[in-house]
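The following pair of complexes shares a single chain, chain A, combined with chain B in the former and chain C in the latter.
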Partner chain A sequence: MANLQTNSGEPKVNYEYRRKKSAEEMRMQVVTFTMMIFFTVIAFAAVGAGFSKWFILPFVLLLAIVQVIFQLYYFMHMSHKGHEVPQFFMYSGVLVGFVTVLAFLTIIWW
Partner chain B sequence: MAAEEKFTPQTWPESPEQATLEGKNKFLGFWLFLGGETVLFASLFATYLALKDSVPSPDHALAKDLFELPLVFLMTMLLLTSSLTSVFAMYHMKNYNFKKMQTWLFITVMLGFAFLGCEIYEFNHYVHEYEHTFTSSAFGSAFYTLVGFHGAHVTFGLLWIIALMIRNAKRGLNLYNAPKFYLASLYWHFIDVVWVFIFTVVYLMGMVG
Partner chain C sequence: MSTIAHTQKRGFAGTVWDYLTTVDHKKIAILYLLAGGLFFLVGGIEAMMIRIQLAVPNNDFVSAGLFNEIITMHGTTMIFLAAMPLLLGFMNAVMPLQIGARDVAFPFVNALGFWLFFFGGVFLNLSWFLGGAPDAGWTSYASLSLASEGHGIDFYVLGLQISGFGTLMGGINFLVTIINMRAPGMTYMRMPLFTWTTFVASALILFAFPPLTVGLFMMLFDRMFGAGFFDVAMGGNTVIWEHLFWIFGHPEVYILILPAFGIFSEVIPTFSRKRLFGYSSMVFATVLIGFLGFMVWAHHMFTTGLGPVANAIFAVATMAIAVPTGIKIFNWILTMWGGSIQFTVPMLYAIAFIPSFVMGGVTGVMQAAAPADYQFHDSYFIVAHFHYVIVGGVVFGLLAAVHFYWPLMFGTMLSEKLGKVTFVLFLIGFHLTFFIQHFLGLMGMPRRVWTFLPGQGLETGNLISSIGAAFMFVAVIVLLINVVVTQVKNVKVGMDPWKDGRTLEWAIPSPTPFYNFKQLPLVRGLDPFWIEKLEGKTEMTPAEPIGDIHMPNNSFTPFMVSLGLFIGAFGAMYHVDDKGWAIPVLIFGLVVTFGSMLYRSIKDDHGYHIHKEELLDDANKGGTR
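The block that comes next holds the complex of A and B.
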């Protein structure tokens, strides 16, 4: 049973290959994390610097969306294969969520 | 492949969280749940945006009077770092290194508690310094529902991870508990996803008006 996932006849070679691959992926995760920190700092700095409201609002929103894409695709591994159904679930959720926010911002007033 | 079977790093499968049928089902079911959570939080965000700064009289504090960026920045860094440490934990889970996984989960939990402490301080500050409470205005209700719901998710996530760590402390890793650890870490990442929108939409956008 042990070799269900292996694609090489040599279990040892395969093991070392997997180790190396996951260590490489971990390094990528740290790069992702650094970029997320960077985006966060920029977003806070933009607000702290007191730019115009019409620049800040779309800018910080864009940074948030990029950061969330990083989180979902790298930290939560949605970029890996076998995540087609999770992608469908998440995008459906985002669509309904977007329509909800849009409705509350446009057709509701007090 | 029996779920309780003992493994070595060499025989441990590449995707242990999906090596059993139970694991596959949990994986799918959990992502469906996260899709639902997205809708849930979107509705709370929509409510907040519709009711932001709706106060009954001018002496009530508005968003830009309340929020302080340094504290929010600290909370963001704590939660973002805890997201990375849970990635480290899952890296060691996939390498069948139970001890290191537990260590990184412990660090994740500590960062989560630090975040929660900041949030409790923050709410306490608003209530006592600004009399901004759940019942003081529609703005207050919407704010505490949204941010408080996220705080409740953090609390639940912490209890979940701690329960897993204690329950499996003497068991080590197997194909029965690998999916459990993996899903708890997905949940923790999702909490950070929601926080990214909270710090952007509530705090940063609240500061500029």
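The block that comes next holds the complex of A and C.
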């Protein structure tokens, strides 16, 4: 996987550029990290506040999905170049899994 | 270890040990070919017994119970232990060479995949000698298989579980290889079609085998450890098995047919001396078939009672698959159009494949219409359909590949004359056997029926069908004679034996060096070897200077890991009979497996290097390259 640290043949020329990039990335990581903690707090709060389970379940699941996306894109660097194939396979897997679960929920009678 | 060790003559025991421990993709390919070929013969003998039983009405050649075991084992063996391993064998033999790699990404895992498949297959077939084979059909629907007495279904579940692990490993290995190990210049859109279909088929294996694994585990626990996933009396649901099985089962048939498509996409351009027509649309169609393969499984279950909405959705999705398949058919025809065609044996299979497969495809679209399927379901029409696509597609592809890639794998050329005899006999036998079965089905002959009564208009058709099967049997015998004669004569044919090789695998000296490429080749376009030939060159332009090559060491560990599961499976199975030794055997087997895995993890094995000097020596001695 290509990453920003190794694709430069001339470290001095690109130093400023890489510095700027790293700073940007660091900022995004801090922002997402804060949001993830915030989401976790909301999730606990939602359960603690005693809403109906028809609200809490989908809501917490939604927060979980957003967290997974943050994790993959900002902490595991999937937003960088060179991750197209893993992305393709992950989304294919998600699609196949989703269709399976959907079918089990809809067309299997109990 | 050095090159010297590899050029020494080995005794028989030495050769066997070499193959038991090999991690070389070319040798593993030969192992797959041997084991798959063996199971193909076993499945073929079972097919002959089916046709003998059904040749005349009220026949009692085999009993009804034995007949159920035979049809189950015929289907299971042919799909899991013959067709798929043979294709995996050709993938192993050809794909790394086609992309210019020195081996697959994980040679150790490759060997492990083979041995797991092999032990799973042996376990399944041991059922014949240990109290009866599985008898609930190759689909093994839960309501029937849970009621099946004896250990037949247990053999099915455990055997397929073990061999399924092996297939899954093979699929992942090929994916990693194709993504990461292509030679310099080999972009995705320059990959040969066989590599592309290997890639998509491996992705299908990756996504399709987990549902099977889950289903088999549920079945295992239902039958052996008292669970109730499929047992309605315990609140389970028997239809879950059907869904899980077909979520796996439908992609499975594309796992089989896509590599066959790939083989034909190599054979047809080679012997038409033209580049493949519509390469990019072929790639697109392959990927699209892969995706659609996951959206159509319920068309096997139209009569289960899914309701009109679900049936309609799956019917339309199924019909949509005809579109990319049609693209492929037209592309093959247009590749041949205006080419200077050579009618070699592989090309004959490719030409015969097109109309045969189209017939199977058309009956497929007929069944996709859900209301019509209520009539066709579980009749011989279905039997005719899937034999037309699997024999007319996959088996023709395998036979074409055997002849086409034999020189690559063994350095000798199968006799064209005997090959043509095989082809004619097989083609006639195939259509004689299965064409009439469409009409038997429409006349009401049910699938998997043990025998039939006289005076119902089924006698002639069944007799014709059985005669056709005999033709195919003779054709396979001729093929075996061909193989033996060719290997006894042992006339080496050298590099690029078909003279018109287009892709990298033909640019390698014969026999293929164990490190494949001394220097990785520079790929300058689609059909790289053909491009070099057009410029008057006889070999590829290297992309790197000669340097040390890193090679993996042979290992006996894959064999031991697989053997442990094989032993453990007996323990799991006989545990049901309250045998005192069952649980210790299960534990012992798992200890062997996990112990071998631990040994592999702890022991450092860095492989070895072939040094530059040895490679240069080789070049001086060989001289031909």
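Quick notes on this one:
Assume the second predicted complex is superposed on the first by the 86 of 110 C-alpha atoms of A that agree within 3 Å, B and C clash if a C-alpha of one lies under 4 Å from a C-alpha of the other, contacts with A are read in each partner's own complex, and residues count from 1 in each chain.
Definition applied: a contact is a pair of C-beta atoms (placed from the backbone, for glycine too) under 8 Å apart; a residue touches a chain by one contact, two chains touch by 3 or more.
Here the structure is a predicted model, which is why all the values come from computation and not from measurement.
Once the two complexes are laid over each other on the shared chain, residue contacts for A:T40 go to chain B alone; chain C is not touched.
Looking at the shared chain after the overlay, A:S79 reaches neither chain B nor chain C.
Contacts of A:S22 after superposition: chain B is touched, whereas chain C is not reached.
In the superposed model, A:F89 lies in contact with both chain B and chain C.
When both complexes are overlaid on chain A, the residue A:I107 reaches chain C alone and has no touch with chain B.
Once chain A of one complex is fitted onto chain A of the other, the partner contacts of A:F98 are limited to chain B, with no touch recorded for chain C. In the superposition on chain A, the chain among chain B and chain C reaching more residues of chain A is B.
Overlap of the chain B and chain C interfaces on chain A comprises residues 85, 89, 92-93, 96, 100, 103-104, 108, 110.
Against chain B, in their complex, chain A makes its touches with residues 1-2, 4-5, 11-12, 15, 18-19, 22, 25-26, 29-30, 33, 36-37, 40, 43-44, 47-48, 53, 56-57, 60-61, 63-64, 67-68, 71-72, 75-76, 82, 85-86, 89-90, 92-94, 96-98, 100-101, 103-105, 108, 110.
Chain A makes touch with chain C in their complex at residues 85, 89, 92-93, 95-96, 99-100, 103-104, 106-110.
The part of chain B that touches chain A in the complex is made up of residues 1, 9-11, 13-15, 18-19, 27-28, 31-32, 34-39, 41-43, 45-47, 49-50, 54, 69, 72-73, 76-77, 80, 83-84, 87-88, 91, 94-95, 186, 189-190, 192-193, 196-197, 199-201, 204-205, 207-209. Across the complex, chain C meets chain A through its residues 179, 203, 206-207, 211, 237, 239-240, 243, 247, 291, 294-295, 298, 305-307, 310.
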